[in-house]
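In this document, chain identifiers A, B, C and D correspond to the written order of the chains, with residue numbering beginning at 1 in each.
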Amino acid sequence: MIEVTAGWYLSLAAVLFSIGLLGILVRRNALIMFMCVELMLNAVNLTFVAAGRALGNLEGQVAVFFVLVVAAAEVVVGLAIIVAIFRRRESASVDELATLRG
Amino acid sequence: MLTALILVPAVAAVVVMLLPSDRKELALPVGFALSFVPLAIAGYLFFEFETGVAGYQFTQKAVWYEPWGISWNLGVDGISLGLVALSVILIPIALAASTTITDRTKEFVVFTLLLEAGLIGSFLALDLFLFFVFFEAVLVPMYFIIGIWGSERRIYAAMKFFIFTAFGSAFLLASIVALSVFHNRQFGSPSFDLLELMSLDLTLDQSRWLFAGFGIAFAIKVPVFPLHTWLPDAHVQAPTAGSVLLAGVMLKLGTYGLLRFNLNLFPQAAVDAVPIIAGLAVIGIIYGAVVAIVQPDLKKLVAYSSVSHLGFIVLGTAALTSAGFQGAVIQNVNHGLTTGALFLLVGMIYERRHTKKIEDFGGLAKVMPIFAGLFLFTAFASIGLPGLNGFVGEFLVLIGSFPSIPVFATIAAFGVILAAIYLLWAYERVFTGIPDKPENQKLTDLNAREIGLMVPLVVLMLVLGLYPKILLDRTAASTEALLDRVEQATTYEVPEQGRLADVFAGEGDE
Amino acid sequence: MVELVIFVLLGTGAIAGALSVIFAKNPVYAAMGLLGTLFSLGVFYVVNLGHLIAAVQVIVYAGAVLTLFLFVIMMIGVDRVEDTSETIRYQRQLVIGLAAILGVTIAALVIGGEFAWVPLAVDGPIPNGTVENIAGIMFTDWLLPFEVTALLLTIGAAGAIALAYYAPGTSVEDAE
Amino acid sequence: MTDFVWLVIAFPLAGAVLLHFLGRRLGEPLAGIIGTLAAAAAFVVAFVAALPFIVEEGNHGETVMLWEWMPAIGANLEITWDPLAAVMALIVTGVGSLIHLFSVGYMHGDERFARFFTYLNLFLASMLTLVLGGNFAMVFLGWELVGLCSYLLISFWYTKPSAAAAGKKAFVVNRIGDFGFMVGLMLVFTNFGTLAFDGIFERVPEILDGSTATAIGLLFLVGAAGKSAQIPLYVWLPDAMEGPTPVSALIHAATMVTAGVYLVARSATIFAAGDAGIVVAVVGALTALWAASIAIAQSDIKRVLAYSTVSQLGYMFIAVGLGGYIAGIFHLMTHAFFKALLFLGSGSVIHGMHEEQDMNKMGGLLEKMPVTGVTMGIATLAIAGIPPLAGFWSKDEILGVAFEYGGVGIVLWVIGLVTALITAFYMTRQWFMVFTGEPRWEEGVDPHESPRSMTVPLIVLAVLSVGAGFLNTPFRLTLEHFLEPSFELVKVAHPPEGLGMFALLAAISVGAGIAGAAMAGFVYSRPREIWERFQGGFGGLWEAWQAAYRVDDLYGATIVTPGRKLSERMAFDFDAGGIDGFVNGVGRAVRSAGARTRVLQTGLVRNYGVGFVAGLLAVVIWLVIAGGGV
């Protein structure tokens, strides 16, 4: 029988991460981009956990814990910004926000 | 004593700055008066200077920043004495010539005095880092003088002048730092002291590259042929005082640098580079003169004539003979006097007619005889008429450079003819004939102030022309020492008539 | 054997959820996709002995964060269908190109066995991710990060309020 | 013994300085008188200082040191007082004083009267510096100052554009000559290590080899040609007639133009060591013939004399070139007298004719201006070489030297004879056109004799033109003995020995002279139509002579205009366009590069995202490959 090793989980995490990454580039809606960021963070968590298990200690899970906290803070602030901008621009499309053009 | 010579103008600048702003008219007189103090100090210095002593005199050294070996190290010798005297003489004259500057006179006087401090500092500095600081410090006031009080395209000219020189000094800085690094590698501690750096033994490649680094910065400053296009613009746009100081003293930073640093620090590279330097110098002489002939603008004509005359100085440096060096050193001073005077005169006519175009003038001699006489006198001094100061420098350079680089000397001698052509043709178009244009008819001749300005310069031109010994004796020892330094440190030996036995005539029957 | 089944099933579920986040026309469906992925990851944590974080994941992430998302989506009223057409020139082609390269690289790594990470021969049982164990480590070695994250959260909250604060009477313009 | 000799220079110099500052206040006649006194004082001092050479035999004179100028190169302000210097000083101050006296009358009414005498005195001082200089640097000092004074005096009436241009032309052409002289000096310095005469002339044989001596000689020739208006640098002298006539008399006849001859004579040892002498002689001969031919057809009274001067200087060059230094100096002296007389005479004619210079508008002036007419007649006979006048003795000695030299000398002798014939022709033509025949002046012009202050110098010079010849006749070579000490170091060439040969050569040269004079007299004493027919006989040649072979246009076309075009190209295209263009180009390039890169900043987050991811990928791939991955 094929034994599921940590490597599998890592490759799955890699796939998820790249999906999240490309998602940011594709979608114009700020919220979707935010979800993609969340996706990438979760992929990282997966790698932490898989590695923790492979190495036989719990450090990975503690790290996941902190990543979660950071993600939460980030979502809170991000959404607040999006709401503020939305109130101003009536659309959540990122492309309109190009005033800092060169 | 040398520190005083540098600090006094700086303090004077601060004093003028602190003048109450509502008493604007006070700035110029106070500045003018204060500028006599450094003149006095320099005068004392000039006469206390012992002739026949090759090394640096009145040296003062104080450690500035130990870890890098930078020290406030000052000293004067034959080569820099003349230049210090020249700057100290030209500053009061430049200030006195700028009474027509009415807006922001305070800043003008402050910048001029700072310029003086920077100039004297760079001529006295024996520490390369200190020299670089002053070398750059001099740029800023001149940039503002051209930029604020210049004529119509002054911003362009000031910007071009600044960037051109800054481009050069970038190489200079790199080379200076490289030198101190080599010193550190060889002696364990970095040092910028000129004397210590002279004892460095660099590989031929290293000294060639460093020679090029120093050379480019000074070549731009001189200016040497291909790098000269900033000079005419800077001169045409600069106010009278600016031009006088720019041509009179600032250009000499380049020639002084070549003599002091390039030859002392990299003698072998200098000897190998003689054909290139001499070639560029000769091109400069001929090219500067040829281009000057057809210049429509009087100030540009004088600017190009400076390019030509400075070519002689560089040729003297490349000659590597006693007469060549002496000629270069004294021509540094002479050119400052003659070109400074020419710019003063052009400034005077500009203040009256507000134009510098030659064809706007005509027949001025009838209307302004004194002005015409002074202009002719200065023109002949600049052409190098014997009996006036221009001749002494050029003749020494030509006589000095013939034994070592005969072909270049002959071509350079050709420049003497071109000088006569462009100046006399300009004189003819401006002064002779009948004053047909109405504006020219009612021009007033020079007033007492203007004549007073010219008197010291005229006297100096005559004195240096007929009795140059007072300066030649003081420079003789240092130029001989420089020649010995080059000869010992390289395979080059001075040609048969290059070294002059009776060069120390000064001591003989004084 | 069970682990393999779980891996395959939930792995595809996670990927499907992720893809739906990107390609869903309606943001709400995207949110649901994300919820699916989060849930499958939670299970994976359990499989990898991360019991506490699985619980936290499900409660905090799926519960709080996602609801916040939904709340914002509803508030902004972007729940109508969006056109996912691409406006920036070359953007789509570039992304496809990058996706291709990314795919190839991951494939090469997986095949090359780069991820085939055989677990070490651990002496003794692999500790279980129970609350005691994690708390033991967190409050000893990792105390400083813990405190810092606490502070981070309070700042996050304050920041959110400041940004979204909409004092009555101030017009939209000068609220900037 | 003669340490007061520096006074010779000091007097005119002091006069110049005094008149420069106080001239305007001294006013009309007084300034002139002071000027003349200064010149006369210099003459007296020179005369007194020259006595020892006459009294004791073989006195070499000595060098008086004033003060150190440029000791490093052996150039001090020092005076070498020897017979050669004495003769030159006497000529310069003597003729100078007479011309000063003449100018008092001639310049009457000119508003820059005092300034004129300042320049004249300054000129005397500089010429004396040149002649008395103890080293080549002093000679060069005098050389250039003399050029300056001729510039100031030629363009004295600077309101006349042609005068100003003539002044500039004179200075520039002189400057070209000075270039040659300067390079020669450099060569001298490189070989001898000093410029002082006593450090050079004794050591010439041991230091200079043939070729260097020739090189130095040729370079000195360039300088001399510039100053003494020989081919190709003579073009400035005819234009120099723009200046007042006394100036032409003093500078462009008697003194300055002889500087070249003096230089060759002074550095005789250098010329003897090499074979540059022959070149000098040939140049002299060609110039003599060339200028004489031009003088035939000139209608301006002063231009005839100008070309005649160029021609006579050619003679002197023949003499000093072939080693006949004494003959050259002798002709220099006699020429100074009668040429100065001719110029002053023409000045008095012009003065009388109210500034009219065209001979066609003169004629029959003899009874109106008898003194001028007679004195100019004497001078004409002298220059034509009619015995017993001075011109005959000196010119004949030169022809003798050429004849004696043999080989090339013979050719030069023939050219000399032909030139003598032509000289006699054009001088007599001038005399007849001006003083005989029916008057051709316009109305309102009533010529009158010049005042006494102008005629006295004419008379004195006339006497000298007659008497000077006897100074060095083959029977009693007084001048020879006087100048002997100066030329010990070199073998001086002499005309053939024996009275027989002398008589033969003299007969030939006098015959040529008389033939020329007779021909001119025959034609130009008759009415105007005869002239036209006679001049028509020469066809195109006459126009060519009149237009001086269009040499000026030739120089203009080959040197001046292309030179100006070149400098315009260099100034406006190469410098402004090229180098400046490059510098500005660099500025523009930087600005446009900046503009282009600005476009990359689109402001769109997702663009940046793409960049970001691409970078990330590159790193990952690199890590994988480099990290020994796959």
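In the analysis below, contacts are C-beta pairs under 8 Å (C-beta built on N, C-alpha and C of every residue); 3 or more make two chains touch, one makes a residue touch a chain.
Quick caveat, the model's predicted, so the values are computed rather than measured.
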- Does C-D or B-D have the larger number of C-beta pairs in contact? B-D
- Message: Distance between chain A and chain B based on Cα centroids, please, to the nearest Å.
- Response: 68
- Separation of chain C from chain D, taking each centre as the mean of its C-alpha atoms, in whole Å: 104
- State, to the nearest whole Å, the distance from the C-alpha centre of chain B to the C-alpha centre of chain D. 37
- Note on the structure: Whole-Å distance, C-alpha centre of chain A to that of chain D, is 99
- Item | chain C residues counted as touching two or more neighbouring chains | 88, 91, 94-95, 98, 102, 109
- Give me the residues of chain A that touch two or more other chains. 21-22, 25, 28, 95
- Where chain B touches two or more other chains, by residue: none
- Set of all touching chain pairs, with the criterion as stated earlier: A-C, A-D, B-D, C-D
- Message: Under the definition above, what is the set of chain A residues touching chain C in their complex?
- Response: 1-2, 4-12, 14-16, 18-23, 25-29, 31-32, 34-36, 38-39, 42, 45-46, 49-62, 64-66, 68-77, 79-84, 86-88, 92, 95
- Message: Could you list, by residue number, the parts of chain C that touch chain A in their complex?
- Response: 1, 3-4, 7, 11, 14-15, 18-19, 21-22, 27, 30-31, 34, 37-38, 41, 44-45, 48-50, 52-53, 56-57, 60-61, 64-65, 68-69, 72-73, 75-76, 78, 82, 84, 86-88, 91-92, 94-95, 98-99, 102-103, 106, 109-110, 113, 115-120, 122, 126-127, 129, 133-134, 137-138, 142, 145-146, 149, 152-153, 155-157, 159-161, 163-164, 166, 172, 175-176
- Note on the structure: chain D residues touching chain C in their complex are 602, 604, 606-607, 610, 613-614, 617, 620-621, 624, 629-630
- Item | Contact set on chain D toward chain B in their complex | 67-74, 77, 137, 140-141, 143-145, 148, 151, 155, 158-161, 163-165, 167-168, 171-172, 175-176, 178-179, 182-183, 185-187, 189-193, 563-564, 566-568, 570-572, 575, 579-580, 583
- Task: Going by the contact rule at the top, pick out the chain B residues touching chain D in the complex.
- Result: 160, 164, 226, 228-230, 287, 290-291, 293-295, 322-323, 326, 363, 365-366, 380, 385-387, 391-392, 395-396, 398-399, 402-403, 406, 409-410, 413-414, 416-417, 420-421, 424-425, 427-428, 431-434, 466-469, 472, 476, 496-497, 500-503, 505-506
